[in-house]
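One chain, chain A, links the two complexes that follow: it is found with chain B in the first and with chain C in the second.
And then the complex of A and B:
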């Protein structure tokens, strides 16, 4: 949280708006360069895959060629199969994530604001967090069956843990000096929360949202592997059972891409909401 | 705003508990401040000057003795008492305009009046054109101007300033001192400024309160009977400053010795200031987080 301290010493002074255009151009060029670098490894991986399958290093039943997988992918996109399964998965993640993130935000706020709540809750919560999300499935399956409720709960749990811990840590890290300003200005508790504590904790809360989303997405695929008749996880299991490895690989790629896009989306949303940081050293 | 700003500090003692031992930060301090007066408090570190300021502002109420403002006991912060901290403590996620307007968050003005007051105040501290800038885009001096604007925007009776220029370079500091003096003259607000800079204290103060450390006491109060705005280089001011310096040197119990270079081994290590440490230590019962509200 170094950005909150040493404000007095950050004597940049340059507010000139004429400079921003140049900076933006430079940032874009730098961004393009970094995106290109990020593509190197995936491209190499595909090349290696192509090499491995064309040289027959692995039987074709186990490792289908990239071209074959590509054809399958196109077929599945055209038939709407991908959209259907991805849509089912996304719907579950949205519900589960919202549910878990809301609960995590509330619990994290309670823990961050009150030492007493934290003392009561943290030990159990940490122990709870140590149990992998998938480890909950057998028990939850017995209680909730294998319907949608199970999936939503497992996904929500994935979001709950990082959301809670990051929210609590973010609130803790708001400098006491800032809260004192609120006292001097006679802020009510609600005003202090709204105007000082939550904005001060926003960065950390966003980290929680992003981790929460990633965990939710991972948990989703896990729970769909075990108990589902649609969704991307189901596609994986079904493909394996039928020995359609091309379908398995397509499903894996879609899972990766959707997760990546969601994470990037939140990244953009955060840098928009925290745009006051732009240009800050 | 309603009653004449009259700050009465009577027999005030403040003790801190540092690792089980009681430390007296202020010992039986009495001071009256007239409405519209500019009082500066100067002293070596550890003399309790910042403690006194926090008590006067109502940020700290755990003391013996009486502190009254306008005939009413000071039992917490009030919008009639503004405060400016050494670090400007602007919120980095808000623009200058929004930061200043926080001072009016709980004031009984209409939205339009608030907007008016904020822009007036920003103009007064010379930040016009920077309303939409974020704190990280400001220099140290500009940030402190915004801090002063936030303290003044509600038109308090008294403005407390805790070493407001301590972190600034000499040139910015001199300029801001001059501007603060103008604001004081224009707005007729009582000002209490804590500093360790003797030049600043005599340049700004109608009276200079000199404090001595361990325990914090008022050593002497020196009136500066020169009209504002003052000439920094005037011989009268220099004479007063030298007098204050003499008294201050007396408070630390060390007569200035001829300067010799002690060997590195014998050079005394800088000692930590126990009162500042006391401010930093949490209360004896750490049942709450620092951000608990």
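And then the complex of A and C:
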């Protein structure tokens, strides 16, 4: 585990790596000071928020007090409401993303490996990709209704486009002389794919996964805002309709945290899977 | 000459292959809806879609709806990206501003764009103002990220030159930082344009008051008028495509000096 964290930090902290060890303590202290300065603005904001609501500058429906939002958050965590809605949303994203990413990976590989497939598929694919995911939702609602299938399809579409394009581009960018080496070693097609093409395209595929994940998450919020009876997006709609701004704010914060955790988790996974690359750089 | 001919045939093959699937799709579509294989309510015939487009264009002021959407899009985009460039310049060039505001910005950008809609609708209502605010947020975030990145990566030599020439702070920004960061800023603005179109559609879906293409699509869905929904979706795609092309052309124009520099 410790070697893993070391690797991650050396990957992100490449700029400061030429400093001697003695600087580290000072850098940490400076980092703490910077963090403290970074907190000034949020603290002032909360203070102002608290003042504005306690002095009644703005009505409670427009700006509930921070204490009220906090109580609501605690209540919703304790009652399991947050866990229920976040769980529903996460389940949808996982299914939708997996479907979309698998389809995108296959299609992207086919397009990357074969010029013919690429020539046939790309124009139509690009035409479809041109229309934002949000644009598809009403059309798909008419066909699939507002059930679970709609949500999975919309989320899958969000992941599909970046996965396909990045996988195809990654495979295309594998240097020809690598493939030549494979030929010299008399690799079978499967070996060439597994040992040369896919590792060579891995970085680009990761980019696709990252964008795919972000798009899936955005698509989820969109589809839940438009058509759902549970999930974080629904919580937003419901809170707004009831004019419960505290619920809206709690839902926004949870959406932000989940997005952030997914992003960071993905960073860790990528630096772990790409650890073999460190040596050559 | 023979190379040119070969290129032409190669291109011809490419075009023929590229057109195969779309044409097959259209034939299948038409056949399926004409023969009643698929319910025409789900898959209206091409003629239906075309007639709906014509009806909207002639009788129902489709151009007005499009103009309303585009106006929102451009207004939000200009406001968001202008504030974004200024804000990011401040963060990149002032150590204090960076320490003070960058962590807050990083938290702010984490919230998925559409999640802002309920809050915005409570604060700004459902009118034009709310939509433009939302579009501006959508453009603001990628512009800040890319401008900041670009300014941070300005080569040290250039900054030194500015110091040697005793540039004033304003000169340093306008003569060194802005031009040197221009490729990155252009990327941000390009992304901002794409995001703001997406946000325009989103704003019109969720704050569905007044004219607009998004409102048209929602109305089509409510009336179960698939042809109308399709017309709206096709327009969304076309406008997105054109905006993208426009941004790419603008980027190439702004960065044309780079070609001669190398």
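Throughout what follows, the second predicted complex is superposed on the first by the 218 of 281 C-alpha atoms of A that agree within 3 Å, B and C clash if a C-alpha of one lies under 4 Å from a C-alpha of the other, contacts with A are read in each partner's own complex, and residues count from 1 in each chain.
Note that contacts are C-beta pairs under 8 Å (C-beta built on N, C-alpha and C of every residue); 3 or more make two chains touch, one makes a residue touch a chain.
Nothing here was measured: the structure is a model prediction, and the numbers come from that model.
J.: Does chain B (first) or chain C (second) touch A:236, or do both, or does neither?
T.: So A:236 only meets chain C here.
J.: A:259 contacts which: chain B (first), chain C (second), both, neither?
T.: Touch status of A:259: second partner only.
J.: What is the contact status of A:116 with respect to chain B (first) and chain C (second): first, second, both, or neither?
T.: both
J.: Touching A:249, do we find chain B (first), chain C (second), both, or neither?
T.: In the superposition, A:249 contacts chain C only.
J.: Once chain A of both complexes is superposed, is A:130 in touch with chain B (first), chain C (second), both, or neither?
T.: After superposing on A, A:130 lies in contact with chain C but is clear of chain B.
J.: Return first, second, both or neither, reflecting whether A:98 touches chain B, chain C, both chains, or no partner chain.
T.: Touch status of A:98: no partner.
J.: When the two structures are overlaid on chain A, which partner does A:221 contact: first (chain B), second (chain C), both, or neither?
T.: second
J.: Which partner does A:40 contact after superposing on A: first (chain B), second (chain C), both, neither?
T.: Only chain C is touched by A:40; chain B is not.
J.: Look at A:202 in the shared chain and tell me whether it touches chain B only, chain C only, both, or neither; answer first, second, both or neither.
T.: So A:202 only meets chain B here.
J.: Would you please give the residues of chain A that touch chain B in one complex and also touch chain C in the other complex?
T.: The overlap between the chain B and chain C interfaces on chain A comprises residues 116.
J.: Would you pull the chain B residues touching chain A in the complex into a rising list?
T.: 57, 59, 77-79, 82-83, 85, 87-95, 102-103, 105-106, 130, 133-140, 142-144, 167, 286-293
J.: Which of the residues in chain C end up touching chain A in this complex?
T.: 13-14, 17-22, 25, 42, 96, 99-104, 107, 110-119, 121-123, 197-198, 201-202, 205-206, 217-218, 220-221, 224, 226, 229-230, 232-234, 236-238, 240-241, 244
J.: Applying the document's contact rule, which stretches of chain A touch chain B when the two form their complex?
T.: 3-4, 7-15, 112-116, 118, 171-172, 174, 176-189, 191-193, 195-197, 199-200, 202, 274, 276-277, 279-281
J.: Give the list of chain A residues in touch with chain C in this complex.
T.: Result: residues 34-35, 37-42, 45, 61-62, 116, 119-124, 127, 130-132, 134-139, 141-143, 217-218, 221-222, 225-226, 233, 236-237, 239-240, 243, 245, 248-249, 251-253, 255-257, 259-260, 263 of chain A touch chain C.
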